[in-house]
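Both of the next two complexes hold subunit A, though its partner changes from subunit B to subunit C.
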Partner chain A sequence: MSKRTKPREPWFAVGKPLSGYQAAIPMALSFVIPILIWCFAAYAPFLWHVDYRITMTSEPSDKEAFPATYVVDDTMEESFFESFQDSIRQDNKILKEQREAGTVEVASARAGRRANQKVLKNFEPVMRANGWFTTEKTEENVSAYFKAYFAATYETWGKLAAGELKPASGTLSRENLAIVKDNWALLSSVSPTYDSGNFLSEPIYRLIPEGKKVVGRPAYLPAPHEVVVRGWQDFRGESELGELNVWEKYASSLRVVISGFLLCVLIGIPLALLAGTFSFFARLFEPFTDFFRYMPAPAFGTVLMAIFGVDQQPKIALVFLGTFPQLILMVANTTRLLEQPMLDAAQTLGARKGQLVWRVVVPGILPSLYNDLRILLGWAWTWLVVAELIGTKSGLTEIIDTQGRRFHFDHVYPIILLIGLTGFLTDQVLANLRDIFFPWATEGKKSPLARLFRWVGSRVQAWRDVDPPVAPVTVEASTEGESHP
Partner chain B sequence: MKLMKTMLCGALAMGLSGFAPADTLKIGYSDWPGWVAWEIGIKKGWFKEAGVDVEFEWMDYVASMEAYGAGQIDAVCMTNGDALVTGATAKPSVCIVINDYSNGNDMVVGQPGIESMKDMKGKKIALEEGFVPHLLVLKGLEAAGMSESDIEIVNTPTDETPSVLASKKVDAICAWQPSSGTALKEVEGSKPIYTSAEAPGLIYDCLFVSPETLKSNREDWVKVAKVWYKIVDFLKDEDNIDEALEILSGRVNVKPDEYEPFLDGTYIMTMEEALKVWEEGEGLKSIYGSTKISDDFNVKYEVYEKPLEIGVYLDPSITKEIAK
Partner chain C sequence: MNEQIELPSYLEQSPEVAARFQRIQARPEVLKVANMGRVFDSNKGPVQALNDINFSVRRREFVCVIGQSGCGKSTLIRILAGLDQPTSGQVLCDGEPVTGPGKDRGMVFQGYTLFPWLTVKQNVMFGPAMEGRKGQAAESEALQWIEMVGLEKFAESYPSELSGGMKQRVAIARAMANQPRILLMDEPFGALDAQTRAQMQQHLLQIWRAVDATILFITHDLDEAVLLADRILVLGANPSRVQEVIEVPVPRPRTLDQCLSPSFLATKKRLEELIHPQTERKASFKIPRLVAADDDVL
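Moving on, here comes the complex of A and B:
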């Protein structure tokens, strides 16, 4: 038997706190378990079917069967993907027959040119995979970018047709290489280099879509790695969906929550203190507040827009409206919890009513008030999404709402996580700060931040003790005298 | 108490500080491709160049009409039919620019197996009641020899219709792009069973301004209309297509290639074409005729009670002025 100097605490002791690593393990698990569930649901292949993720797209003429526009990275069920490919093969077959019979139709020269440009555009993944075209598209270079792209693709097709270039394996199917050769013969008959003014309007052959097998998950369940990758791209402003301005929107959301909350604090705390101290004000404010809080704040959305307009004000007003009644009731209640003897003592010493509130009540409840406000800040966050839908959709909600409705949940989850993390971290920091602000009000072990603060404090103290100030310190007259009768 | 007073004053100031100066013209616009086109003028700084101080407010379509009705914006992008509804229920407005007519982007999308409006008999359709999708569905039903009593309408905000279709709780939805496209993509095998391409001119998409601002800021609105036709010229030039797609798709955050078909479903009119539509006449070729049809529909289906005076909602003078 091993000798223990300290018996191990039981894991499941009723009403006893765990300590040390025993506390740390369940804490870590509380985060790890949900993530594991997510991973399991997303990666377990037997739960889902096989899908194809499109790596090269095309546009079938059969709009009946394929009314939507499919782009690279879209996923399709296996059978649907196969019929998608077959539809293009059919289109090409008909075109070939028409060409041989000399009956190729051109609806309009402009539409024909555009359709051919689209075929060139569809070839982009191959150009990128082989490093034949590396220019990045930015907001400034759009028109030059496409000119350069078409020119490069033209040149590449010429070289592929002549056998001067070989695509890396797996980047272009044999079938599509044959189509490229046929197309090059058609395109080069008009002009050997790309010239938008001298471009073929007669249809060229469409590229057969290519795709790779992936686990087919429902749109609302993107895999964790996809969410991480999308989040990383979106936050860095490199989203596939164009500029999402995440940080700008984040700042806007923060402004809404914080302004609404501060407004609440400014107006609510004085009222709540009065209600908590004087029964008269409690009777005056609380019954209506209690009634008002049951009316859902979002129900006032349209009214708030009619009063405050469509920008930030109605949103701040909604956060205010949703938080204010809770604040009044909560803070008033906290105020009432102040021990009666304290108030009695102050009154015995002759404190006037104003003094009673400012010198006794406020300092007395400060630690609890701080805690209330921490909880209420969390409360304010819960109104954010509803608030930002009023008038002009703004802030992070714009991304959540717009992308959610397009089923781009891989772009939605990073934003929701960002909100969650912000709230969680703010709360943790505030909870830590409480130990620093109100060391007398916390029991047991101090938080890490408070311990650091104390340690720094003690170092400074020690340093000052070594070299005490020489200047005489004048002791100011105590102001406590006021309270004496 | 002094402290409390300062706090209250501060709070009040915070609340009030947001009221913008009145001289900026506020225009509400939403995700209809014909209105997203304003984005080109915004991005290229053409409004500033024209010397007009405008602020475009990006909103959900119905929210933008609510904001206009509440008097919070000076102008809003609406369809001619919805302008009547907004006018009858909240606040009248005047059309000064006709942007486009819907040419297929508004569509009824049926679940797999639903092939035509006739298949919808006794079935559920999700759409935004009293607004443009409702009108389109009624028209579609009429064309199929049916009426509203043959179907069950589930009132749904337009941008939520794709999710509702995907949930399989309804048999069809009615929406416009990009929502209709999302629905087609998310529900494999779903297809459009009736689109605005079958009734071109039923839905004209326009810029409606408030009668007061038209009176007090007419010069500014002329400048705005001029910028619109600059945008139209830009869009009609074949060489600009990729650049235009980049700007337009960026506004609604879809991929440019996915956006391209939207341009076919929204017929953006040149000034000459718009002038023809501005001519008074019967039928869908004239905005007067089209609006009259909307008015009749709205009264018939009790969206509002009495027919409206259509003339006050339409003012061709600005388009005619800049055409000279």
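Moving on, here comes the complex of A and C:
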């Protein structure tokens, strides 16, 4: 047992920062909790009713209770599915009783044969799941196809009845296997192979429907695993998104957002600097900008299309229009926040007007300006989604919109996540780079990237200093430490 | 002006101090303030912040300006620096009227005004760089000033890595690097703890002795004023004007030991009387007694 070197720190202390693993745990939880909530909402069996997706269907005689024909992949509620099964069991039970009493009725030989063929057809999912029948049905081969299918099924049933074949687990219930055996006894009494001319017209037993349990979630709530799988397929271009290639659309989105943002920065920052520095320009620019930003940028969508056409330009213009007023006001304000005493000091040191702007104001506000631009980049992404809907839809929003309209939300969420991740990661990288760009502006702990950068820098410095071991080494050492005498 | 004022008897100068003042009198005036006044517009009408200020500072003199808070000390020094304009009278530096900030009047501020994006060395080189002096010569000159304030180990550090006292030392070096005719200091040690402040006072006196510096120093700390100054201008409030000029009779070089000498205490007592008049000192608060009579410590 090692001795505790640090006092136990409380998890909840008013106004005190957590350190080390104590900080890491809530940071991890902040992502884990939303995912858990999603998992819970998607998977919790009691939140949503359980449905059955039919894997093998059948036709009950009770047309009043079951008026529709149910096919494979239809879903139905649990209770309905059970009554569906029970109805078939009831039919089989009556048939058995009739058979034992010798009162089996045959309406017509033709109708009887047709009904029996249907039972054979319903067996198809089992044939395919086990690989016992692989021929595909096309428009040309319909009659040949069914002939082949019936022949294969005959052969299979015979082998199943004799115990020579065994179905893979989960593909055929015991109950249905017993029915297959009973049916084979009936069918083989007429002919051991399929012969449409010599086919049993007396009814055989019907197969009990089989199904898989599925959670009946609403369309807007796909399960996490579905979204992951679908996203993986979409991003690899392996899914049915059709013409839409995610990465092409992603590149298009990036082009729009970066063009709009850069344009905004190039035009906006000089104006904002002027406004922040000289009261004259503040009065000139800011009142109108302040008014303009309350007019939502998307409202100008059609105007921008009239000016710039329907291609990418109106989209870039919309990102610009949405971000620009924010940038002017934000950066002008940041500029004004530069401490007046610093300007006073520069003037007493002999700085003239131009020098004040370039040597004091600009370098002084750079770190805050950098942070402003990070926030504004977020704005640009927000406007992007709106911008891509005007004119011809483009970019990632096109996928979101087309898939969303069809309720394919398992395609929609990966794209939204992609946009979110792009913004988040960009911001994280930029935040880390800030410490490298402005080492003087960060107090206390540096970000990991900046520490790595610093470490590499110090290694290079040490390597360069190896040849002449001169005095500056001590100066380097003293600047590294932050302690004061 | 000040030479006409009669010294109270307890401020009698020793022969060596008197000789020193005579030497100072012979020197040229670096800064001259003539009939200077400043009126501010406020919601309640014009406010006379400064009224008819007259004084001068001679070369290599150390002048302290003292006064209660709100008496216009900061306004005065901002006008001297050229950061504010007087509404009447004028300020002359080397005989030239002051119209705006300039490198002939260096200034050290109360708050920390170092440029955080520049290293200590770059901060000190800022003034020379403004007039295009860069390169090796300017750099070694800057290092000399940094050495003067004892921060050569921190030449490549950023201000955020320095303590408060160190920042103010850099600010002094930065102002001195311009070799101003006069160094204006606006309560530069006001934000420092007592220990650091005492160190800084000694340090400043050493620098002042070592280089050709004329200093006008604003403070509200009486000890500081007496310790540092040749002459002390006492600013009175309402109306703000030079109430009295005191020639400090404490001999130089000054150390902390002299804080208890009779001449030091006499000067301080006189300042005390000027700044907090008798009537004001007598005024007492009505404090209710909350202790029992038998629990009295007196």
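The definition used in the following text is that the second predicted complex is superposed on the first by the 293 of 485 C-alpha atoms of A that agree within 3 Å, B and C clash if a C-alpha of one lies under 4 Å from a C-alpha of the other, contacts with A are read in each partner's own complex, and residues count from 1 in each chain.
Heads up, the rule we're going with is that contacts are C-beta pairs under 8 Å (C-beta built on N, C-alpha and C of every residue); 3 or more make two chains touch, one makes a residue touch a chain.
Here the structure is a predicted model, which means the values were calculated and not measured.
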Quick check on the superposed pair: does A:Leu349 touch subunit B, subunit C, both, or neither? Answer first, second, both or neither. second
Touch test for A:Asn245: subunit B only (first), subunit C only (second), both, or neither? neither
Would you check which partner chain A:Asn333 touches, where first means subunit B only, second means subunit C only, and both and neither mean what they say? neither
Let me test your reading of the model: by the given contact rule, A:Arg405 touches which partner, first (subunit B), second (subunit C), both or neither? first
Of the partners subunit B and subunit C, which touch A:Leu266 in the superposed model: first, second, both, neither? first
Tell me the contact category for A:Gln90 with respect to subunit B and subunit C: first, second, both or neither. neither
Give the label of whichever partner, subunit B or subunit C, reaches more residues of subunit A. B
Could you say whether A:Asn130 touches subunit B, subunit C, both of them, or neither, answering first, second, both or neither? neither
Need the overlap of the two footprints on subunit A, from subunit B and from subunit C, as residue ranges. none
What residues of subunit A sit close enough to touch subunit B in their complex? 57, 64-65, 67-71, 74, 76-77, 80, 110, 113-114, 118, 121, 137, 139, 142-143, 146, 196, 219, 240-244, 259, 262-263, 266-267, 270, 302, 305-306, 308-313, 316-317, 354, 389-393, 401-403, 405-407
Quick one: in the complex, what on subunit B touches subunit A? 1, 4, 7-8, 10-11, 14-15, 18-20, 26, 28, 57-60, 63, 66-67, 70-73, 159-160, 162-163, 166, 178-179, 181-182, 184-186, 188-192, 238-243, 246, 249-250, 252-255, 257-258, 260-261
The residues of subunit A that touch subunit C in their complex are 339, 341-342, 344-352, 355, 359-360, 363-364, 366, 438-441, 443, 474-476, 478-479, 482, 484
In their shared complex, at which residues does subunit C touch subunit A? 78, 81-83, 100-103, 105-107, 109, 111, 113, 115-118, 126-127, 129-131, 153-163, 166, 171, 174-175, 178, 184
